[in-house]
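These are the structures in question, set out in turn.
Shared chain: chain A. Partners: chain B in the first complex, chain C in the second.
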Partner chain A sequence: MTLKADKLGKFLSDNIVTVIFLALTLVAIPFSRLSGTYILSNLIDRFARSSFLVFALILPIMAGMGINFAMVLGATAGQIGLIFAIDNNIMGVQGLVYASLLGMPISILLGWFCGQILNRARGREMVTGFILGFFMDGVYQFFGLYVMGWLIPIKTGQVAQIDGGGVRNTLGLESVRGGLDKIISLKIGPFAFPIVTFAVIALLCVFIIWFRKTKLGQDMRAIGQEQGVSHSAGINVDRTRILAIVISTLLACLGQIIYLQNMGNMFTYTSQRQAGYFAAAAILVGGATVTRATIKNVFIGVFLVHSLYITMPLAGKELFDSAMIGQYMSDFINFGIISLALVLHAWRNRRNADLARAGLRGGAALAAAGGDK
Partner chain B sequence: MTKRSMIVRGALLALYIAVGIWAYSTGKGYKIFVDNTDPAVAGAITVAIDGATPVKVRLGGYTGIMVKGTGSHRIKIMREGAPDFIGEFRFPPESTAAALAVSGIRPGSEIVVTPVDPETRDR
Partner chain C sequence: MNRIKAFITDFGWPRIIIALFLLGLFISAPIVGVKLGPSFTDVFNRFGQNAIMVLALVPMVQAGCGLNFGLPLGILAGLLGSTLAMQLGFVGAPGFIVAILITIPFGLLFGLGYGKLLNKVKGEEMTIAMYVGFSAVMLFSILWLVLPYTKADLVMGYAGEGLRRSISLEKYWAKLLNDFLAVRIGDFVFPTGLMLFVGLCVLFIFVFMRTRTGTALTAVGSNPDYARASGVSVERMRTVSTVVSTVLGGVGILVYQQSFGFVQVYDAPLYMAFPAVSALLIGGASVTKASMVNVVIGTFLFQGMLTMTPSVINSVLKTDMSEVIRIIVSNGMIIYALTRKTKVTK
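So, the complex of A and B:
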């Protein structure tokens, strides 16, 4: 009985974020009064939209750099690519390819820059990445509002602001909308499956599984475990950490393009920030920690977060007679989950350190009973 | 850097540029204004180009529709929900926008498409 209770306690302690989120979703579903078909068809669409973006966070976690909040830099690069694709009237999948080709070099450059800074802020990567995201917001706004239309001419009125200078606050992406999703769309009953988007996500999964087995992947895992030992073993720690961030930023760039082609419109100066918060919340809800993340965590997280996004506004309307409150609750829960995961991480670190100290003092039995590392 | 790695990197760069050129040239969008000003025709028409979502054009008005790439495009005109005309037209090269008058379409004859200035036409 005690063993069972211990096991349950350990399971809850390890998966508390996922369990809370699952409970909230299960409560919200009946209140929303939405049909299962509606929820499922929306989930399929949203799953295709966001999964790629969340995968961008796996490699930095693997390399011990925590949640890469600086993925916002990659998302920004993707948006810059899309702005040029729309301004040049490049349509369909070609528009997405064009945006990717323009965004990728920018994201690699920004990723390298970010990696350099994070190497100088060792141990404080997450907060540094977060602030870098804000810094990049300023640079991006300067680029979008002043450089575009002044140094770089804007060709179409669809992109330019009314006075001709700068990029509009909201851009319609009709010309590239569904560029990837609609290449092959399989309809089974009320559900539409964007086959090509799913194939791209599957390819990325295969890439991540393969990458973990490569020399570079093994190096990243070793660095994630212990940087000092990895350095002593001859691994170029700084270079490997920069590569983890560069790949993450590159994936964020492509993920943001996939995300926006599904949405069909872009909030020019805020969409990239939302992408960063969403991806962080999703991977944490999926059961990842700031030191461990797997493909399974991405899928569970995307599924749960979107379930809540779909049901919460309507559940809020039922419960509080205001859909707005449901929307606020979704946002509040999102940020709350990020905070909870970070607090839990700090708490576990402290508890493990206490247990290790107790073990050194001769309390080995206590350490064996309570240790979860 | 070895000669082999230089060749590989050069080939990758060339591929990168080639894909960019392909995306730009085949994906470039052009505007076609479909005119429905035929006095002999009563009512609105629905137009679908290259299998895209059909667009309604009211009687006496025109609608701008984006098409991907120059060259040949397939047009389907429907009246009261039933297909009235299906044919092909060529987008005039070297122009960014063109107009197509429904009144000028005669079964069996080539569809006439004339280049226009998109800025003045959009007003």
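So, the complex of A and C:
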């Protein structure tokens, strides 16, 4: 009996972030007064929309670089691809392929640049990556507002701003909307399954499982454990870390294209930042930590975060008579859950380190007591 | 020649480039028809407006807690201070003083909690501080809607509840410090009161860093093990630095508001830590060392650049590129600092 309680306690403390989030969602669902069918069909749609993006975070976590907040660089590359696809009036799935082909080299270049920077900021990759995203916002705005329309002519009025200077703030993606989702859409009752998108996500899962087993994947896991030892074992640590970031950036680029073809419109200068906030929250809610992430974490996280996104604004309206409170509440929970996950992880790390140190000092009793200084 | 080289490596290329850029802006301003008098007035106003928030970062850098991206916590204390003072009906100088008096206990409270939290997460402070700041801003956005503010010029007109997005300080204490003893020379106005207040705060931190506590704090930042061996409580010093930083951040936003003329609530404080951090780094601080000189030079260079770029560049290029320049320079500077190997070996 006590053993069972212990196990439950350990399960709860290991998955506390997920459990809290699940509890919040379960509270929000009845208050939102949405039907189960509505929530479920929305979830299927949103699942297809954004899981790919979240997968971009797995490899850097594996390589011990934490949450790759700089994945917004990849998302930016995807958006640049889409801008050109729309401007050249390439429709449907061809437009998406065109956008990917254009976005991929850009994201590889940006990923390589980002990897170089992060290698110089060892131990503070996360905060550096985050700021790098902001920095890139500036470069991207420069590109979108000044280079476009001046060095690179914009062909269609749909893309250009009304006064002619650069790319519009909101870009309609009607011509490529559902380009991937609607190739084969399987209707079962009230639910529509975008089969091709699901197939792409499944393919990505297979890729990640396979990749973990390759030499490069093993190297990444090794440097995630201990960089010094990996270096002695002949692994090129710097290069491996850069590759982890390059692949992550590349996946973020494709992920953002998939995301936007589902959404059907794009906030040219802010969508990429939303992608970063969302993906980080999702993977942490799914139970990943800064050092360990699996495919399962991605799926759980995407489902939970979206359940909350769907229900919270309406629940807020119902509970507080204000949709604005619901909106702020979602944002608060989003940021708060990331803080909580990061704090818990850092705190556990420190506690373990303290315990280990107490053990080394021969203070076994001290270690048993919980290692209080 | 060697001395020049040493000076350049010491000062850092980015700073030199920014300083030269600013100098270039000042020189070219009259040529493109921008009046220097009002420009200088703006630079001084914005310097004073932002300097205290930059100053607020120093104690935490010195104590080894890194760049305080959690500055919004202090800012929220300041927002509570000013809105509560307004709600209670205080105006003019007494209003400003009451706002400060309300801000301080809230700053102490937030700083204490925040400091305790940061002690539990050593090594990951900056990322966590950033997200804790974001969460707090969002939590307070909800509070601004539900707290029972009633004064007509504070709350939203149609519903009668929930604070306005930006609240005018016109009838309260707008420009209180800026106009105090202001000296007018031609079309240049020197905001004496503002400068005195900033000077007072800088002096306060300068003296504080040289007291017993301040020295212990610096010792903790430079070498925690050595500090512990000499009987300094590392945890306590880190908490002290966080509290000072948070309270000062609150006072900083009050000064900012009176100069700006508006109290901005909801998500306005979300990204306010970043310009302060960039300014400090532009002034020559690193992630582990910062001084009063860094604060003054950095704020002057950064705010000078922000003030001069729109007027000068826009009259040359006819487009508003200042926003893009601001984003690239300020974040580029933070990245530069984060990636630089600190000379003092850890």
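For the reader, a short list of remarks on this structure follows.
By definition in this document, the second predicted complex is superposed on the first by the 356 of 373 C-alpha atoms of A that agree within 3 Å, B and C clash if a C-alpha of one lies under 4 Å from a C-alpha of the other, contacts with A are read in each partner's own complex, and residues count from 1 in each chain.
We adopt the following convention: a contact is a pair of C-beta atoms (placed from the backbone, for glycine too) under 8 Å apart; a residue touches a chain by one contact, two chains touch by 3 or more.
This structure is a prediction, so every number in the text was calculated from the model and none was measured.
In the superposition on chain A, contact is made by A:88 with chain B only, not with chain C.
Judged by the touch definition given at the top, the superposed model places A:175 against chain B, while chain C stays out of reach.
Within the superposed three-chain model, A:142 lies in touch with chain C and out of touch with chain B [touch as defined at top]. Once chain A of one complex is fitted onto chain A of the other, the partner contacts of A:191 are absent, as it touches neither chain B nor chain C. When the shared chain is aligned, chain C comes close enough to touch A:127, but chain B does not.
In the superposed model, A:38 lies in contact with neither chain B nor chain C. By the touch criterion stated above, A:97 is placed in contact with chain B alone, chain C being left untouched.
Comparing which residues of chain A touch chain B with which touch chain C, the overlap is empty.
For chain A in complex with chain B, the residues that touch the partner chain are 88-95, 97-98, 101, 157, 175. Across the interface of their complex, chain C is touched by residues 66, 117, 120-121, 123-124, 126-128, 130-132, 134-135, 137-139, 141-142, 145-146, 165, 320, 322, 324-325, 328-329, 331-332, 334-336, 338-339, 342-343, 345-347, 349-350 of chain A. Of all the residues in chain C, the ones that touch chain A in their complex are 69, 117, 120-124, 126-128, 130-132, 134-135, 138-139, 141-142, 145-146, 162, 266, 274, 319, 321, 323-328, 331-332, 334-335, 338-339. Within the complex, the chain B residues that touch chain A are 16, 19-20, 22-24, 26-30, 66, 68, 122.
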